[in-house]
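What follows are several structures.
Each of the two complexes below includes subunit A, the first together with subunit B, the second together with subunit C.
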Partner chain A sequence: MPKVHVTASINGEPAEFLCDPDKSMLEVLRNTLGLTGTKEGCGTGDCGACSITVDGRLVCACLMLAVEAEGTEIGTIEGMAQGEALHPLQRKFLEMAALQCGICTPGVLIAARALLEKNPDPTETEVRFGLAGNLCRCTGYDKIVRAVLEAAAEMRETVA
Partner chain B sequence: MTDVRYLAPRTLEEAVSAFAAAQGAARILAGGTDLLVQMRNGILKPGVIVDIKKIAEMTEIADLPDGGFRIGAAVSGAAMAEHPRFGKAWPGVLEAVNLIGSKQVQGRCSPGGNLCHGSPAADSVPAMVAAGAVVTLQGPQGRREIPVEQVPAGPGRTTLAPGEILVSFTLTARPAGAGDAYLRMIPRTEMDIAVVGCGVNLTMQGGIVTAARVALGAVAPTVRLVEDAGKALLGTRLEDAALEAAAAACRAACKPIDDKRGTIAYRTRVAGVLLKRTAAVAAQRAQGN
Partner chain C sequence: MNVITDKLQVEDNKWIGTRTVRPDGADKVTGRAAYAADNTMPGMIWGKVLRSPHAHARILSIDTSKAEALPGVKAVVTAKDIVEFPLDKSVMLGIQDMRWMCRNVMAREKALFHGHPVAAVAAINEEVAAAACALIEVQYEPLPHVIEIEDAIRPDAPILHDFLKFQDKPSNISATMTAKLGDVEAGFAQADVVIERTFRTRPVHQGYIEPQACTVSYAADGRATIWSSSQGQFMVRAMTSLLTGVPQSHIKAIPAEIGGGFGAKTIIYLEPLALILSKKSGRPVKMVMSRDEVMRATGPTSGSFSTVKIGAKKDGTIVAAQGTFYIQAGCLPGGPLRGPVGCAFAPYDIPHVLSVGYEVVSNRSKVAAYRAPGAPLGAYAAECVLDEIAEKLGMDRLEIRLKNSAKPGTKAAYGATFGKVTFEETIEAVQNHEHTKAPLDRNPRPGVKRGRGVASGFWYNAGGESSAQLNISEDGNVLVTTGHPDVGGSRASIANVTAELLGIDHGRVSVQIGDTASIGFSNLTGGSRVTFASAMVVTQSAEKVIGQLKERAAKIWKIDPEAVTWENGEARPAGPNAGQFPPLSLKELAAKANEMGGPIGAGVQLNTTGADPGFATHVVDVEVDVDLGIVRVLRYTAAQDVGRALHPSYVEGQIQGGVVQGIGWALSEEYLYDKQGRLDNAGFLDYRMPVCSDVPMIEPLMLEIPNPKHPQGVRGVGEAPIVPPLAAIANAVYDALGTRFYSLPMSPPKILEGLDAAG
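== the complex of A and B ==
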């Protein structure tokens, strides 16, 4: 079977690639397109390190075939900052030391952004449940949760 | 180099003929949250992948003229949660579907995949069975409808005929005084596989149960409809004796395995406890409607 030609939008830019039909979106993002911000943790949808959005919907890139990206809008961590200007979530993560090794961080940020788009004023419990699909093995979740709550508060002020 | 083919047909007829033509070498792709894991682990090497998400009927939540719903087999858990009316009519079915995996998994996982994967511990299945959902199947021999509890055949197996594809779930309109609920026992608060799952669907008039269906998951090779538990609740006000009789029927229906998640004795005991708790939630919802 020849490779499949796929046309999609990635972080607002048109993108085209060729892929084998059984390759995951994660493999294509990292190995074909060089977008290595999206990390591979478990590869089985349990850890959330490969979180991306597809047409605005939060998914694990390891659980999606790259051929399914045809005609969709993909959002990855590379599209989160506007040029040099960090997203408020990214800035709060730095200010509040919500990362150590950083492997889980892109996935956590993408999941947190998806959470705040649906729920701009989450409770701590809602943040914890919203990020339950993102595993962190070193920072501990408290700093992450506090940074998300702080970023949410700042984003609400900016909108208001 | 790979020899797998990917097809994304636009019609059900094309999907059925491609699926049937592959004679067992094909796999249906809905959300892929089980299929891709199996492919990665080398458990499955499909020759053909038939993606059904380009077929409108598979991805729609349709309002039926009588007030019921038809849920496409590939509708995601997230899409079901966003529907403005479905969760009000069938809160138990919705909470069960929304227990499948994380938010990321919810973006893709579907009730059709959850059913066809054939796990005895599938969360949405006991809720669908309690709800009396009817599934529509389409295969080379045409279309047919069967009660959802007739689909599972054992761990990883279904009764679907060769070439047959699960199309949708039909849930009826709700009478006044109806409520359903699903609870599962897991040792943590989120992101785990049910040790026991219990779905209860009640209709109540003046505090008396006029219809009851109970289903259990993770306590037998398949999800089970526990008819005796429903009968024990019928005509009662859910007094302690009625709940204990239904709990006993649930324990009697258990044929679990011992594994790292729970022993036979533990799962059996929890099935009775969970029946009482789930019935209480369903009754509260029924009496609020």
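== the complex of A and C ==
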């Protein structure tokens, strides 16, 4: 089957690529476009390590066909910081040691950003349910939840 | 909370004990950190593994000709390409026997589990490699299989290995271990109360989120480079060398960032296959496991079947303890017997102990280490029986532990005589904590019951070989290289120690993990040893560097090096008699280094000792929904002697992470097999690890009681936290329901069944 030409926006920049129609967005991000910050933990949508946003919506890149990216705005971990300025979530994760091995971190950060965009003032329970699709095996989640709550508080202050 | 019981120069420390940003942090929050599967090379091709469709089968023949003829296929490997280690001669690499490792990476005489590798292919892309695997014709003679311990030790059980004998008969019992103290029968005769119970646990997987992956490039000069994710690049080099016959000196193993290991990545699966595929094809070969392959074919830890008997006097003095632990090894020998056998009763001063372990092979993937290997199995049984003894005697559950706590000079059944013992402190920390004193609303709403449980745990900890190199750059900053893959923030601790010792700003220290060609031998990241051992070699390296800096200053000032001190990152004359000179900073000395004797730097290689054991005591509140059978953990507090927390956040992180793994083990994780011996839940949907909404905050109580045998007082912390949770949660569920569960996980069906049986 011939490859499909796909045009999309990735992290605010125009992107185009050719892909087989059966390739996942995750495979194209990692192997075609070299955006390896998005991780594969399971390939079945159960771990959230490949979380990206598509037109602002949180998606597991392993469950999305790359051809579905046509005309969309894709957000990955590589687009989260603005140059040297880390996103408040990224900064809080570092300050509060919310990562150990770090393999789940890109997906957790993308999911947390999507959560805060919908709900800027979440309770601990809302953070826990908002991140329930992102497995972390190192931290026991404690420091992740605290860092998200702190980042949310800081972001609310900045807006206000 | 941070309880500091000994003021080991704490007030003077500027960096040790502070929560600095880790050196590898920015890379890890921006997606730049390169894990094994992120590597790519020009000309790279892809490898895939063909796995056995049978749980147990003799391999009669393998025909790879059709696969090799498929366009795009570059190489095929089978067992005949792997170095064979004959069955009658043990060749050990650390704790791994190469006889079993060579049969684990590729099935040889027989396929021993569903998913056992039988061949591997390298091709221009993953699709062609997969198509080629399907073209390999393997003739199998299926054999009866056996999965569970009880079935594998029956007299009529299918025997996995004819060469394994137990009591002179072919058997699936592949090893035994005994720890003995006093005379256990005489001990029980003195007891006023004796309780004996049998417990079962299921195998659980380490559950690291990063599947195993590697890229291997074998060059025309016979030298190979390996990029892979492991808990030890030197282990990768040595084991790959042994399995491929390529000399160690011709292999460079580069440690990628590791996406979790928890013990499992102390052995290898893909690297030798990829090396041979690369050698045959002349191309770099990349191999990445799927999650299904990880679950099915890499080692989980052992399931177990244990009987524990404890005898005590009326006043709560334990007089005798006996444990019989059957643990799974998977399809080849090599299970963690010393975990349950040595650790189960180790926190206590018991005069008569008999602890016997049996390791049992069956048609499952070979087990791999998992955080305090085997210790949670023993502690689960021992700490539950201890709870029953306390109840029968009407004693407080923490008080009975305190009364029997090991003390300096106590002899443990596994052989050690304890020096400094810090177990009592962990019990007292829990006793005095607000959690323990808080009232518990036992019936908050209809159909919901709450309970509280406690348990303790022990882990040996370890020292061993470590290397460090500390170099001063021309601009006066510091680069530290160690040989240990950083699984949970060890670089952050090393940066704190280095900044402290040299008296410079933390931001001027970089820490990297060297490959096998750029740093001296360093043993595995495991056994809770890395921060202990690497802080020791980094300290000695820093002391040497400070010595060099003082010599340089002395040369510049033309005074005796003895007359120079190093303070706050500067060389100063030691006193008025040494002369009057303005201080020389690290930056100034570095700038003058080349004209004053050459580059400044030093390294130390050491077999470290003095890693005293770790103790932990936990308290947990649970809530059981009696209609749905769901157990929820409401509150968790974990006390542990951590020695000195070089970076408190990552010490807390070890405790919090270990506890939540224990919660999964206790409540939801288990390997389930179908009747054909195939793993039924080889994925994160059906193998249920705790997610964020399953657990509460985990409160770590770090007791900083410095280890006197370490320059900063460090004690290993990574493993002890997973030892108590199984029993603590089981004891809490009993406290809630009045029904005791003797098997894990306490999943909803099991809770409902137990409640039904209890009426």
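By our rule, the second predicted complex is superposed on the first by the 160 of 160 C-alpha atoms of A that agree within 3 Å, B and C clash if a C-alpha of one lies under 4 Å from a C-alpha of the other, contacts with A are read in each partner's own complex, and residues count from 1 in each chain.
The working rule: a contact is a pair of C-beta atoms (placed from the backbone, for glycine too) under 8 Å apart; a residue touches a chain by one contact, two chains touch by 3 or more.
In this text the structure is predicted, and so the values were computed from the model without any measurement.
Colleague: Following the superposition defined at the top, how do subunit B and subunit C come out on subunit A, clash or fit?
Modeller: fit
Colleague: Treating the CA centre of subunit A as the corner point, state the angle out to subunit B and subunit C, nearest 10°.
Modeller: Given the fit on chain A C-alpha atoms, the answer is 100 degrees.
Colleague: So, does A:114 touch the first partner subunit B, the second partner subunit C, both, or neither?
Modeller: A:114 contacts subunit B only, not subunit C.
Colleague: For A:24, using the defined touch cut-off, is the partner it touches subunit B, subunit C, both, or neither? Pick first, second, both or neither.
Modeller: First partner only, subunit B.
Colleague: Identify the partner contact of A:59: answer first if only subunit B is touched, second if only subunit C is, both if each is, neither if none is.
Modeller: So A:59 only meets subunit B here.
Colleague: Of the two partners subunit B and subunit C, indicate the one touching more residues belonging to subunit A.
Modeller: Tallying touched residues of subunit A, the top partner is C.
Colleague: After lining up the shared chain so the two structures overlap, which partner does A:72 touch, if you call subunit B first and subunit C second: first, second, both or neither?
Modeller: Neither partner.
Colleague: What is the contact status of A:132 with respect to subunit B (first) and subunit C (second): first, second, both, or neither?
Modeller: Both subunit B and subunit C are touched by A:132.
Colleague: Closest pair of CA atoms, one in subunit B and one in subunit C, after superposing: how far apart in Å?
Modeller: 5 Å.
Colleague: Quick check on my understanding: which residues of subunit A belong to both its subunit B contact set and its subunit C contact set?
Modeller: After superposing on chain A, subunit A residues 43-44, 46, 129, 132-134 contact both subunit B and subunit C.
Colleague: Once bound in the complex, which stretches of subunit A touch subunit B?
Modeller: Touch list, subunit A to subunit B: 1, 4, 20-22, 24, 43-46, 48, 51, 54, 57-60, 62-65, 67-68, 70, 111, 114-115, 129-130, 132-134.
Colleague: So in the complex, the part of subunit C that touches subunit A is made up of which residues?
Modeller: Listed in rising order, the residues of subunit C that touch subunit A are 19, 21-22, 24-26, 28-35, 37-38, 40, 206-211, 257-262, 288, 290-291, 487-489, 492, 647, 649-650, 652-653, 656-661, 683-685, 689-695, 697-698.
Colleague: Can you name the residues of subunit B that touch subunit A in the complex?
Modeller: Against subunit A, the touching part of subunit B is residues 1-6, 8, 29, 31-33, 36-37, 39-41, 49, 51, 53, 76, 78, 101-105, 107-108, 190-191.
Colleague: Once bound in the complex, which stretches of subunit A touch subunit C?
Modeller: For this pair, the touching residues of subunit A are 30-31, 34-44, 46-47, 49, 76-78, 80-81, 86, 90, 93-97, 99-106, 109, 124-125, 127-129, 131-146.
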